[in-house]
Amino acid sequence: MSVENIPAWADLLASSLLVLGSVLALIGSAGLLRLPDLFSRIHGPTLGNTLGLGCVLLASILIASISAGRLVFQEILITLFVVATSPLTAMLIIRAGMYRERVDRGKKATPQQDTMH
Amino acid sequence: MTALLPWAISFALIAFAFAMICAAIRLLRGPAAEDRVLALDTLYVNSMMTVLTLGIQYGARLYFDIALLIALFGFVGSAAMAKFLLRGEVIEP
Amino acid sequence: MKGWPSLTLFTASLYGFWLLLNDTFAPGQMVLGLVLTIAVALGTAAMRPLRARPHHLFAAIRLLFVVVGDIIRSNFAVAGIILGSVKRRSNSGFMKIPMDLRDPYGLAVLACIITAVPGTVWAGLSADGRALTIHVLDLQDEEAWVRTIKYRYERPLMEIFE
């Protein structure tokens, strides 16, 4: 364990960030089970993707910087990457959901037009 | 010295484990395929955070690279699966 | 600040990423990064059909802070909804918002902002680009959401990109 010689304020700050981030990620994932339909379930994991991940990354930057004795902020890269990509996944999933819902409704209304195969 | 951090790390690891269990239940149960893709997406974000937390615990920079790789491949996988559900094809001509 | 050459901006940020990824200022890496980023910028220039022309750096920074604040605030709001009663949880729905923003990069940034803020997801733009569909988790006051998106995000983006 290399988390022994850090000052008390950093210990407290990093601990609270970690706890906050993990609780947010847990609530977000619990939203997957608790929310009623697909479109509202998309909002659940966003919690972990934004503030949850942000808190964990800040804690990681803090501890790594202190134990290395200089500013280490490579974690910013993960933040940038996730911020740039997670909206894309969410958009694709919601569009797929909308598209398939429309297809299903169309099939129920006119089943004889199903000439896909 | 008040060593809060090991406790916080343990708490965070347990919370991430429960979060992954939630996602796994949705992955197994999910009525539509989109639900399963969403659950997989959540699963990889949670695992990335677990790896970062382990990186804090062991103080090794190697974990950062693993987390970055999980982020890269997880995004590519989820985007490809969602695209497949949307169009029935991942790379369109 | 008018009309930044966007290729320079792209190269500079790519160079920054390279140095950050290697976590070094060693001269060898700096030269290698410079060569690589310029090669990548020139090689991909043909794949970017239109150039972004962002101006108003201060508006962009202000927007960044507004968005970070909104993300933090709505994180707790959505957490409250998830932990709340069944009635609060089944309050979601789609809504339409009239759009004035036309710049494609501005729209891309708006899509990222709307989806990154918990509680709202971008669900599509109509073919003529005049109506935006979003999905909202807490759909009680449609007017308030229209106002939030138009004044907090769209107005600054139009200032930055148009």
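By letter and in written order, the chains are A, B and C; residue numbering begins at 1 in each of them.
Heads up, the rule we're going with is that a residue touches a chain if its C-beta (ideal position, glycine included) is under 8 Å from a C-beta of that chain, and two chains touch if they have at least 3 such contacts.
Since we're looking at a predicted model, the values are computed, not measured.
**Student:** Chain touch graph shape: choose line, ring, star, complete or other and state it.
**Tutor:** The chain contacts form an open line.
**Student:** Can you figure out the chain closest to the middle, judged by Cα centres?
**Tutor:** Chain closest to the assembly's C-alpha mean: A.
**Student:** Whole-Å distance, chain A centre to chain C centre, using C-alpha means?
**Tutor:** Averaging C-alpha atoms per chain gives centres 16 Å apart.
**Student:** Could you tell me the distance, in whole angstrom, between the mean C-alpha positions of chain A and chain B?
**Tutor:** 8
**Student:** Roughly how far is chain B from chain C, centre to centre by C-alpha average, rounded to an integer in Å?
**Tutor:** Computed from C-alpha means, the inter-chain centre distance equals 23 Å.
**Student:** Would you please write down the residue numbers of chain A that are in contact with two or more other chains?
**Tutor:** As it turns out, chain A has residues touching two or more other chains at 28, 30, 42, 44, 49, 72, 74, 77, 86, 95.
**Student:** Chain C touches which residues of chain A in the complex?
**Tutor:** Touching chain C from chain A are residues 24, 27-28, 30-31, 34-37, 39-40, 42-44, 46-47, 49-51, 72-74, 76-77, 83-84, 86-87, 90-91, 94-95, 98.
**Student:** Quick check on the complex: what are the chain C residues that touch chain A?
**Tutor:** Touch list, chain C to chain A: 17, 20-21, 23, 71-72, 75, 78-79, 82-83, 89-90, 92, 94, 111-112, 114-124, 135, 137.
**Student:** Considering only the defined contacts, which chain B positions touch chain A in the complex?
**Tutor:** 1-9, 11-13, 15-16, 18-20, 22-23, 25-26, 32-35, 37-39, 41-42, 45-46, 48-49, 52-53, 55-59, 61, 64, 67-68, 71-72, 75, 78-79, 82-83, 85-86
**Student:** Taking the complex as given, what residues does chain A use to touch chain B?
**Tutor:** Going through chain A, the ones touching chain B are 1-4, 6, 8, 11-12, 14-16, 18-19, 21-23, 25-26, 28-30, 32-33, 38, 41-42, 44-45, 48-49, 52-53, 56-57, 59-60, 63-64, 67, 72, 74-75, 77-78, 81-82, 85-86, 88-89, 92-93, 95-97, 99-100.
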